[in-house]
Amino acid sequence: MNTVAGDLETILSSGIRLAAPLAFAACGEYVAERAGTLNVSVEAMMLGAAFCSIAVAGLTGSATAGLLVGVLLGALVGSAHGALSHRWHVNSFVVGLLLNALVLGLTSYLATVGNPSRHQVELVSVPGLRDLPVLGAPLFVERWPVYLLLALVPLAWWLVERSRWGLELRAAGENPEAAHMTGIRVNLRRRQALLWCGALAGLGGAYLAVGEVGSFNQNMTAGRGYLVIAAVIFGGWRLGRTLAGCAVFGLADALRLALPALGHTVNSQLLISAPYLLALLAMLLFTTRQRRPGALAQPFRRTP
Amino acid sequence: VSNDETATPASTAAPGGSTGTLLPGEPDVNGDGKVIIGVLSPGDINDNGYYQSFVVKAEAFAQAQGWTVIKRGSVPVSEALTAARALCQQKADMVAIGASELKDAIPASEEGVCAKTAWYVPSSANVPQTPRIMLSSDDPNQSMLVAGYAAGLLMQARNTTKAGFVTGPEADFTKIASTAFLAGIRELVPGATLVTTYTGDFDDSGKAREATQAQLSQGVGAIYPYLGGATDAATALANSAKAVTLTPGTDRCASTSPAFDVSVLFDPGDYFAAALQLYAAGKLEMGITKTWQLGVDPYPTVKLCKGTPEQNAKLSAFIADIGGGKIDPVAEVRKLGS
Amino acid sequence: MAPEPAVRLRGITKRYGAVVACDGVDLTLERGEIHGLLGENGAGKSTLMRILLGLETQDSGAIDRDGRAVTIAGPREAAALGISMVHQHFSLVDPLTVWENVALGRSGPVRRAAERAGVRAAAQRYGLAIDPDARVGTLSAGERQRVELLKCLRRDPTVLIMDEPTSVLTRSESAELFTVLRRVVAAEHRAVVLISHKLAEITTATDRVTVMRAGRVVLRRATTATTEAELAREMVGREVTLGAAVGVLPHATAPASPAASAQTALRLRGLTARPGLDDLCLTVHAGEIVGLYGAEGNGQKSLGDVLSGLTVPDAGTVEVAGASVDLRRPGALSAAGLGIVPEDRHHAGVVLDLSVAENLVMTRLGDVSGRVFIDRRRLRRRARALADEYGITAASLDSPLRDLSGGNQQRVVLARELSGRPRVLVAAQPSRGLDVGAVEDLYARLRRCASDGIAVLLISTELEEILALTTRIATIFRGRIVGELPTAQADGERLALLTGGVA
Amino acid sequence: MTRAGPWVSAAIVTAALVLPGLLIAVTGGSPSAALRALIQGSLGDATAVSQTLLYAAPLLLVAVGACCSARSGVFNIGQEGQVLIGALAGAAAGLRLAVPGPALLLVVLLAAALAAGAWAWLSALMNRLRGVDIAVSTLLMTFLAQQVVAFAVTTPWLLQESRLGEAAALPQSNKLPSGALLGSLGDHPGLQLNLGLAVGVVVAMLVAVALDRTRWGFRLTVAGLNPAAARHAGIPVAAVGGIALAVSGALAGMAGAVLLASPLSTNRLQPDISIDIGWDGLLVALVARNRPLLTIPVAGLFAVLRAGGNFLAATGVPPYLVDVVKALLTLAFVAPAVMRRRSVVA
């Protein structure tokens, strides 16, 4: 077992498991940012969904039901954010920070009320492929929601780049005045994008709970939402690179957690901050400005 | 030039506790006709472990006595002082601190608002004694050394020499715990090695599981999840690989999902319950330190959940040796821990 | 029975607080006509059209479409009714491609190939050559105008509204546009509304004309039955010195040509900035007005940016009164004695949220403050003096500049730039968007500057303006000066040749 | 403002006020008692008022700084990290420099301001060099700051507490010498007026004057409102923005030093010493619509919520619910204020 290939396999599979929740949420945050919202409530969406998924799995006995309700809860947080910031024009950063505090408080409180049991969705492995050397186990033995990424990533890309909804969404994110003049309901598109973002971030949070861990504990997302924002920036507002960013963050964490077992010691503070350092470095090295949505984080109101 | 004289002054605790003061009117110290126990904890008081047990034991005892318990978890270290003051303002008769991380609350005991309160503070010898608080202390070297010994017994039986220690931040007390744990294993398995992984967060289940997974992949046969909220998630994974598992502080031998092989009991709730018993009887003195001795007092202790009689006997003997002073845990750790 | 008009607006009224933008306006648009809509800045033209497009809701009044009363909730509904508009500002999304921008106004799934083909076909049909895959942000103003028009036409509207479409176009580009519009009207029987400040355009391109003043219709006439002079008078509500109002009488007055002293006030040497300027050299002497003429998008904007201190050129120098200016130092140009009325005053000329007074002293803060503190009293006194001198009308000098009309905003910029007693004044497209009255005033001031010995560089795409004001004309093409000649020797044909880059 | 505006804000405020009460009622508490506790704990007596004023000081400093940067068109959301860096530098200066008595306090405040200002200015530098978005880089650097402080207090040769015999050293620094601490102003029975608040109020007034009355403030405002016009007017926009960001960071850092040196903390550097003051201070500035003088009452309001919330937790309301209540009440304050005008974040 203690071969280089074996070690690599360990780190790879661990990295993918750590990256998956980020990847789901990043597919959502990417869409929200293209529509012009720098959404900081991803953390709330993920944490709320993680809690709900375990709670519902406990009630129904079905981890899948939990996963679905998690998605719904994420979408609910997204629509709350959307209504507050793109209907009633409360500053979006404020809404995000407050939602994060609110959901952290509520889930921490509710977690003290019940005593939920452990629930986990099934592990699915792809016959044949799972036996590939090195890559087999990391890529083809996963909890089933991970395979959803295969459909969701192209879907997110298609929605943004190819559909009319996405075209209008991009226009809303780049130049809301022009979009409005053309008859596009800018704030509606932004709310819809947040809804999608919430659903996917919810999926990410729910996957963390009923997929990987099997239980909920206080603040179990521990800042993953902020990491997702970093990933979108790391990716320079391109979906592919955003997902690459998630993979890098996941692998960096996996490496950090596996290194002691492999007999190495590295400063833990340095490694914990690695994803943030990487995102900053990426921004310094690649000029990502060009792809930044022109109206990112700028509210739009019809009457100036 | 350094201002190091500002380091915490050395403890001036008098041994034996004969210099303690008894508060008038115990348990209703403030004489308002009600007994209110205020509990502050730095951690998640629903972690199924260390922090929770402190609160649970206090609540159970207080309920039986008809007292009120106000509990507050996840108190940031830097807000300890304010939180303690607020408890005094609520007319608490006793302020109990869940763990020594919150020792910064102690200065409140000297303030006017807290003039009529009893104080209970657990300590790992890093809290200075003052006349207004009762300290309860144990030596983590003892319980961790014995935890390692117990793990060593089971590792011997399974013929494994590799153990793992998964914990949160890389801090002095986690380092000390891991060193003593290794020393304990080496009492029985001289060539044993210990992998220690710091996830950075006692409560991040996802990362704790990955750290555990990495250790399991390296063939580790015993895992000590020295964690908070993430304990169960990591233990569940270790169960699936049939590794030996230990509890961080409480007795969870009855638990099946996840399951533990060793209960390491340095449960602050047990120490606290003992103090509350004295308190109810009006005999709890301030200004003294109660030091809990493994092998002498009922706690701390270590027990095997499914140990063979032979294993149980060996463990009991080891504990008795420490209690009887035949074995000096600190010396053992120094000898075997590195 | 006569066919119902395409659109009939009845008694439209729209108030913004105290301002009555439209006051009981009636307007009828017939199929097969180009309808001119004229009026001073702030007369309510755009507001009226925005109501027709559903971007604003009228306070009272009704809209009939082909004889049926309709309510229009937004551009989508308007498009469904066959009403479409080319806007005065903002309606293209720069990072998107041409075909994406065109597709943006439509509905249904996005079929990329079909959209591209559609853009190409429409471009062919209306003679609006454009690459469907170009990013709009990289296009010149003329090209962008084409995209706007294509976007509009692709919706196949029966009523087409054009709000000041020619303000950024050269004369030949405008002429092309009118040919297209004429074709659209004659062959396809659509109705077109054309809003413009250029009287000459209105008289040549439209069939009927409506003049608005302060929210009310003051004149309604067949174009052939009116004159430019009458239109100008109705717009402003008084006689206009026609000589100054270019577009009314193009070659009316020869410029007051002072004997240009030999003293060189401004010398541009080998200015190169990517993209835009390519080794541009030009000199302007004290007391003369030099016109820089050329089609939009040939580097005028880059030159304006360099002379505003917004960009540092890759190579070349700017000398003011013989001394080379360090262009990397912010404010160096202003300190050296160069004032500029920038092309886009909202972008670089003024701060809309600051008060009128603050805008007036912005570049010369030292005059109204000590080493640290600003002296409010001195600031207000100075602003008052400038406002009086330049005839700036504002409710209060402390109200935000945003509240001022375009003409008054332009006066603020001019007053500020001239308050520093510059040796050189650069005016980039200074009359753009201004009404006849404001233009009249502007020209008089530019002439006064020249006679006071200031060197004036007039960057413009308006041939009439150049011919009327300047003593010398330089033509710019692809960032270079391609020809220079005294205005007296210039005529449209020669200049057209030069600006085509043939010289 | 749409016709629905007043209704919507009324609805948000009502929801934000009613929801906490409902939650408390559902968990068996009494909403009116909770409200009483909230007020009692923040304004009820001299001790409570002292506590509120203690919280107000760092909130005020952070918020005034946020006003500076927002006015210059730079959006800084990394105050939480800047507070930490300030506390770190303050602790290092206080523990390592041999400066006598009260001068040490000055050194601590200055060191904190300088270090945090430089830390924030790094974001401006990254923006200048590579166009890195400032809001984003300041956010990311908050997480770096957390690790930097964690590293400092767990590393013996840096700031970790000196060890007591065999016992574990906690992740914190030694206690600051008394000369570095912020004392009380005057002698009032029960009431504690900490010097920190005086620092905060004076800074707020200075900044208000600087922004509205000086050439520097004018240039900064112009740069924020219209960078192109500013450049044309000879204002070095990037430099002005960088300075504003540095000032914002410096004030946040000073807030860190105030946390460190006032009775709010135990006068030791600890990883969580910032207790969300950075985030809350940012909210204060947003609610006060970036007007430095307005931040004074708004910071007071937030301090009331904090002190009252602490007290509420001590009455037996589950502490997590207190966080929920605080978030909802903040929303109630933020919603109508922000709605009245276009949001300040551009």
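Lettered A, B, C and D in written order, each chain numbered from 1.
In this section, a contact is a pair of C-beta atoms (placed from the backbone, for glycine too) under 8 Å apart; a residue touches a chain by one contact, two chains touch by 3 or more.
Not measured: the values here are computed from a predicted model.
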item: Chain whose mean Cα position lies farthest from subunit B; value: C
item: Mean-CA-position distance for subunit D and subunit C (Å); value: 47
item: Centre-of-Cα separation between subunit D and subunit B, whole angstrom; value: 35
item: Between subunit B and subunit C, centroid-to-centroid distance (C-alpha), Å; value: 77
item: Interface hub residues of subunit A, defined as touching at least two other chains; value: 108, 112, 269, 272
item: Multi-chain contact residues (two or more partners), subunit C; value: none
item: Residue numbers of subunit B (touch at least two other chains); value: 74, 169-170
item: Pairwise chain contacts, counting only pairs that touch as defined; value: A-B, A-C, A-D, B-D, C-D
item: Subunit A residues within the subunit D interface of the complex; value: 38, 84, 87-94, 97-99, 101-102, 104-106, 108-109, 112, 223, 226, 229-230, 233, 267, 269-270, 272-273, 276-277, 279-280, 283-285, 287-289, 292, 297-299, 301
item: For the subunit A and subunit B complex, residues of the former touching the latter; value: 1-2, 6-7, 10-11, 13-14, 17-18, 21, 108, 111-112, 117-118, 208, 212-215, 217-220, 222, 253-254, 257-258, 260-263, 268-269, 272
item: Subunit D residues within the subunit C interface of the complex; value: 213-216, 218-219, 221-222, 225-226, 228-237
item: Subunit B residues touching subunit A - in the complex, by the definition given at the top; value: 44-47, 74, 164, 169-170, 195-201, 203-207, 209-211, 213-215, 217-220, 229-230, 232-233, 236, 257-258
item: Residue numbers on subunit C that touch subunit A, as the complex places them; value: 55, 74-76, 78-79, 87, 89-96, 100, 103-105, 107-110, 112, 151
